[in-house]
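Below you'll find a set of structures to go through.
Look at the two complexes coming up: chain A is in both, with chain B in one and chain C in the other.
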Partner chain A sequence: MTTDTKPVFESLEGMSEPCRLGLRNIIMACADTKLLLGYHYGEWTFGTPELEAAVASCSLSQSELGHVRLLQAVLKKHYGDDPERLIDNRPAAEFANVAFLDEQIERWPGFVAMNAIVDLAVARVLHAFRGSSFKPLRMSVEKMLDEERYHIHHGRGWFRALARQGEVTRGSLERQACAALTSVAEWFGPADDEQDAALVGASVKSMANAEIFRALLEDVSEMASGTGVNVAAAQRASLDGWNPATRRVGVGGPNEEILFHLRGSKNEVFKLG
Partner chain B sequence: MLSAATLPTDAEVWQALHAVTDPEYPLSIVDLGMVYGVRVDGTVASVEITFTSIGCPAIDMIVSDIREAILAVPGVREVRLEIVWSPPWTKHRITDRGRRILAVYGVVA
Partner chain C sequence: MTFGQVYEVFARKTHDEPLRHVGSVNATDDDLAKAYAWTLYDEESWVEMCVVPRSAVIPITQHGSVPVWGN
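For the complex of A and B:
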């Protein structure tokens, strides 16, 4: 007979300090990345090459923004973070999104790289929270993953379709995919991150970020196999001075135009209350 | 003061929830399988509910409709509503009655 000694955290009580910090940082990183994914998907609703992709893009945006609402509610309840402040009153340099999303996604291959790689990276992190000892997240992660399945199918389908559309398009997709992977690698951070180790040690997360990134690389390599897109050129830059709160080596964040739209600044006059 | 005979019951609250619909479907939230639990304790009705998608733009509207419907049940003074995501909603939660209604609209669930 075996005894399950895995801890269960209904709240942050009983968690070590690195674990608490690490949990806040990874939830914030997922929420911020999803916020930017939601924005870019929304922007592309009117720019896709096919009508079906426009409908999909709108739906992807809706579900990402729903996930943001859910993750920010966890941050609010357990860390006291005000969701309104997180979007409306936070300097760009405090955002913890994958840097690939900092600027406008100008071309369709960029959209596809975002969908097929960046979105998948966040889904992979959420997957590591299945069976988490932190119950408030565990209770919502299955539903998010359920919805993420469609994101993955869409990204993968377009990645392989685009790769077949000639050398120029394939080259563009390859550059965007490599840029996305490089950016995601920075977001995951160094293999020896103390906070990440604390999360895995407390069974809050089932896999370390380095393992998740390796699994992601396998997913992407498999997706790219036989397409002529070479993702091996993605760089892993030095992570000296990496900041676990922003998940970057240097200073960054979404550009002002994106923040302007995210905050609904133009619509301020219509806000109720 | 309400006597035991006039206190609201779980069945009355379920009945009231049959009148609340998801604006995207011609079905009640009960037939959609979105209501995970109802408990009435005195004059307080507690409901556990989920949604078909996390990003559902009608969440606030549906929550408001639920409150309104339950508060219309004689004797209910307070509604405690908890939104839950586990187990995740799937189409398998739609009731047989719900499937028959959807079939009339040409939707196979």
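For the complex of A and C:
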């Protein structure tokens, strides 16, 4: 007879230091990426090529911002991170979002790459938290994944629809998809990350980031197969000096215009005290 | 921009009620049809929603006409 020795963490108590740090960093990375996804989806509500996509984009934005609130609530309760400070008073260089989202998404192929690849990358990380030994997160993950299903359908549908539009559009999609994948590879970080290993070792996460990235590559290759879009050109840059807190090699972060809107700076005077 | 087909959308709020027709969407494939249906017709907390390509529906009555015995 075997007994299940998998630990259960109701809080951070009993977790190793690398595990605690790693958990904060990965939750922050998911929350920041979702915050930026929410912003870009919202911005595109009035720029999509068809009305149905506008409604979908608006809906995707709402669900991403809802997920941000869920993840930030975990950060607040267990790490004391104030959600208001995380958005209003944090310098851009401290954000841990996928770098592909740092700037405005100017064209629809960029939106589709964001939806089909960056959004899916975060969903894959959340999927690795299913059945997590860290109970507070486990309870939110199912709801988020349930909603993510429609994000993935939307991304996949548009990826294939654009790939059929002709050589120029397909080329644009390919460049954006490769840029998104390169950016996501950096965000996942090196395969030997100590914090990530600690999370998997403590059953907080079921898969290491390197495995999740491989699974993502399979998803994307399957989506792109037969479309003429070649995603193999995506580069894996050197990860020397990679920072687990910002999930980048160098310094970066969302541009000031995006932060201005995210922080509601234009309407600061109307903020409720 | 995209040229797809019409999908009819069916949904129900509880397991003990029948699926009912709630509308339709235009989409290029099943994935997009699912995303559009879910985001367009989200006024209820559906326990089930499905889409059917209109082309897969086989009409029994003559299309668009009311049978002589009424509806």
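The rule is simple: the second predicted complex is superposed on the first by the 273 of 273 C-alpha atoms of A that agree within 3 Å, B and C clash if a C-alpha of one lies under 4 Å from a C-alpha of the other, contacts with A are read in each partner's own complex, and residues count from 1 in each chain.
The rule is short, and it goes like this: a contact is a pair of C-beta atoms (placed from the backbone, for glycine too) under 8 Å apart; a residue touches a chain by one contact, two chains touch by 3 or more.
All values reported here derive from a predicted model rather than from experimental measurement.
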Query raised in the report: Which partner does A:72 contact after superposing on A: first (chain B), second (chain C), both, neither?
Result: neither
Query raised in the report: Taking the superposition as given, does A:158 touch the first partner, chain B, the second, chain C, both, or neither?
Result: second
Query raised in the report: Of the two partner chains, chain B (first) and chain C (second), which one does A:195 touch, if any: first, second, both, or neither?
Result: neither
Query - Which of chain B and chain C A:176 touches, first, second, both or neither - result: neither
Query raised in the report: Just chain B (first), just chain C (second), both, or neither: which does A:133 touch?
Result: neither
Query raised in the report: When the two structures are overlaid on chain A, which partner does A:144 contact: first (chain B), second (chain C), both, or neither?
Result: first
Requested in this report: Could you please specify the touching residues of chain A with respect to chain B in the complex?
Outcome: 62-67, 69-70, 138-140, 142-144, 146-147
Report summary line: Within their complex, chain C touches chain A through residues 1-2, 4, 25-36, 38-40, 42
**Report entry** For the chain B and chain A complex, residues of the former touching the latter
**Finding:** 50, 53-57, 84-90
Report summary line: chain C partner, complex, touching residues on chain A are 49-50, 52-53, 55-56, 58-60, 150-151, 153-154, 156-158, 160-161, 164
